[in-house]
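Lettered A, B, C and D in written order, each chain numbered from 1.
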């Protein structure tokens, strides 16, 4: 399988982890879901992200999910989240998933980091641990990690480590950060791939600032695919038309914690996975939330029909 | 001026603080802005909120802003934010603004609070400090304060203190909290007014759960006014049509920090204030952000025309 | 090997993890260090604590350290730290170490917990995950976790789960919490073992409040052993004499982060381990810090001689 | 009154705020306490520190306390804490206290700051606000503020602003930071005064690293005075003898929150203030804590007698 590079573009969907209603890993749904994502136009997948249900998997299950996802993905790239409290665990998991054919690994900073130098040193240790031949995605997600990385510090890290090839961008606000990075590249810094997260809630503007695509888990990946394509084709206004049709649901799915239940509900409804169940602990949607989601989907469908 | 009560409903706009380009307080724009908010249908105003520019005012200026806003508001209620690190400051400011005719004061928990009992005790101290005759709004904004208040703890506080008449609701996710509070009232707990913040980004759903309205600062207050009115008139789908037209800009204005620059830019553009300037320190919008906002407004205008 | 119970008393030393100068696991020093701790009077050991170097071990190494420590400990109890971001990892590691003969597992709350109910629910999930037959130590260490657990919430957790048999107490300030728990037991709540951490810096007072002993890693375990014994023998003043002689070094070793380097330096100097090296990343003591430590040890030795 | 400078040395005691049993400001005790501190050898005082009871004072009371303390101090320098959420409040309070004769103001960073540049910018704004003629003390207290300032960032700030003349040093661990700053000065950076806080718990080592003295509130200021003097006289071992005698109580008084009650109890016992009362909200010592303190004082007295 190909590795991700500084030139990687497009949409990497953060894949859900399918479970049976009784909490067992649903292997068949992994295949179905992987197919679903690619059918909708995904360029690659990201698994074991830190906001999903990866922490509920045993190590053996995490490896099994990785193996199955990579196999089903054929020659499409799969990035694997390996964030962990200790470098040893990061190193072990990285070796295991790269041996299985992963396209790269994603690492968020531990929440104890504060000063610029602490952050810079952390990524030096990560690269030393996983080896310079492994492509690394730096996940910049302050709302969740509490760690703020300035454009300048990101630049230092990118200059230090050629193997950190991609930024998973989900600072908030974060548009200026994309502009800062692209400006620095225009002045000579080597290129970095920038895929944007935050449920896609700023994707049209992010593409205008120079992002290469999206890496997030919205249950209608075709939204990201269309917005990225239309933006690249010089049709930002049409991209916004599509985006606006999906935005009410994007916003609803972006709710921390609850959003995962929304996402699985929609994926199950769309046939991508068999059950919306989360492994314990994890809340199901109650009747009021289901009513919200059904209303949002119905309205979204209507708007999309008007667009076509 | 009337005081807020547990029956207060409608839209309280969080007012901006207008400055001249050189940073001086722009007194004339206070009047113009207050008129603007009421012209657009606001039922009341909230000033000196903790996310805006209140901390850049001297105490004398804060009092002046309060006095002028209350006078210009006539018989409309004005809530004043009095959150401060110390109870003495809260007590002093409360006395001053209630003497000027404020309709109530708003207090967020200090970020050091953690356990349920610490939060419960804090609001006991607040009520002891300001006196039971002053109506208090409890601002529940975990994203900013870091303090999480469960539905149960909120209930205990409301049961302890009849003078805490309103919840400024901006937990995220927070829809279930509204449902929890209304359920408890259905079972006998005294009523509390619930006005929702978070830039209005969940207003249609919040109204369905039983909210009484909005308290937030979006630069198109008519959106909140219409969504609240239509929701109350039993037309949630029309409410959503209006909401969806504004949502792309709501989302853009909700960006932490940057959002205030967006808001002032739009208010100035709409003629509500003379200058979009923030008193130092405070960032102005750059060209790319202005282009975003202009595009969003243009598209919003087009969509609203289609609705009428 | 016996399991820990609600009656467990004495001194459990938090064991260091010995490495060679090149970062390899130093297996021989594990044996030597285990012997050293018991020679100095330890009643048991605790390994894989979250403040030490456990996160630098691969999973295989963690299991090996556990196995070797338990074997060398003979019939002395060994508690194993299993805190992890996910319940699945906690369950897996718990099963592995209990199969190897651990006396119980220790779990600190993840730093995302805030409300009382979130904390109570978390420990319900932990007990559900590891099973009620596994003795659990609840580690209450707000300075590190950011999670504050009130005496009342601790009480609820202890009442809910008979298998949580011990509190590792390291709140700061925390003396009243011991008194609260003992008061509740006097009024009928079932007993909980309380072993105190925080480097032992309040051990004399903690014993007076009703603690059962210490669980911390000071490089002179005989201090804890003597203070606990003398306190139990009704000689608090002699206990304080001993404590005061060690306090200057206790204080120096309590420095967050740096303290581990101090501890390993002293353990190596005392012959308990071969090398003071930490596996990367980890700071060594510089010359000034070594001079401090040498001075403190010299003075400590002099004072202890005066006591005898 | 003289201003503090980069050459300021010695012991600045963080003064308590004396109240009557009923919570009224105890003006007479201010005088008595000020005399007490100077009698014990203080070189200056610091008032309105953020860990004490300053937030319980009305603005008028804060000014009155400042005025009275400065008057009673004669030609001794009084530093005033002016940390506040907003720059306007910092500017206002600074102007007021400098007009009253303060020797300088102390400012801690607000807890929202994260990146190096945010911290550097904050102090630029502070200096712009108070004016370059006002001597500023930078309070570096991560345990309380959550803001970590590296030696490098401190250096940048000192280089940017000649009017930031002093560091109140209370990082933990923090000895290396003193060494870093003195090293940079040896290589040409302009001198900064460094007075150490953290209740004095590392004072002997801090003096060895090049600190200029202490700025903290221990109820036996003569400890700081003697340790600083003996360290400066080249008698570090005698300094440690004195320090060790006080250390058990220093440690007990260092407990967050509770420590203030200990301090006021001891100050009242020593006759420095009339009542140990804290203004509400504030906990009094219970019987067990009082017994601890009395035991610690008795033992301390005995040890000090042995030294003389």
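Keep in mind that, in the parts below, contacts are C-beta pairs under 8 Å (C-beta built on N, C-alpha and C of every residue); 3 or more make two chains touch, one makes a residue touch a chain.
For clarity, every value in this text was computed on a predicted model and none was experimentally measured.
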| item | value |
| --- | --- |
| Intersection of contact partners for chain A and chain C | B, D |
| Per Cα centroids, the chain farthest from chain C | B |
| Which of B-C and B-D has more C-beta contact pairs | B-D |
| Chain D against chain C, contact positions shared by both copies (same if over half, else different) | same |
| Between chain A and its twin chain B, rotation from the CA superposition, multiple of 5 degrees | 180 |
| Separation of chain C from chain D, taking each centre as the mean of its C-alpha atoms, in whole Å | 33 |
| Separation of mean Cα positions, chain D and chain B [Å, integer] | 38 |
| Distance between chain centroids, defined by C-alpha means - chain B, chain C (Å) | 48 |
| Contacts with 2+ other chains: residues of chain A | none |
| Pairwise touch network: line, ring, star, complete, or other | complete |
| Complex contacts: residues of chain B adjacent to chain C | 114-118, 142, 147-150, 152-153 |
| Residue ranges of chain D in contact with chain C within the complex | 172-173, 175-176, 179, 201-202, 205, 208-209, 240, 243-244, 247-248, 251-252, 255-259, 286, 288-289, 292, 295, 299 |
| Residue ranges of chain B in contact with chain D within the complex | 54-59, 61, 84-89, 91-92, 111, 121, 125, 128, 280-281 |
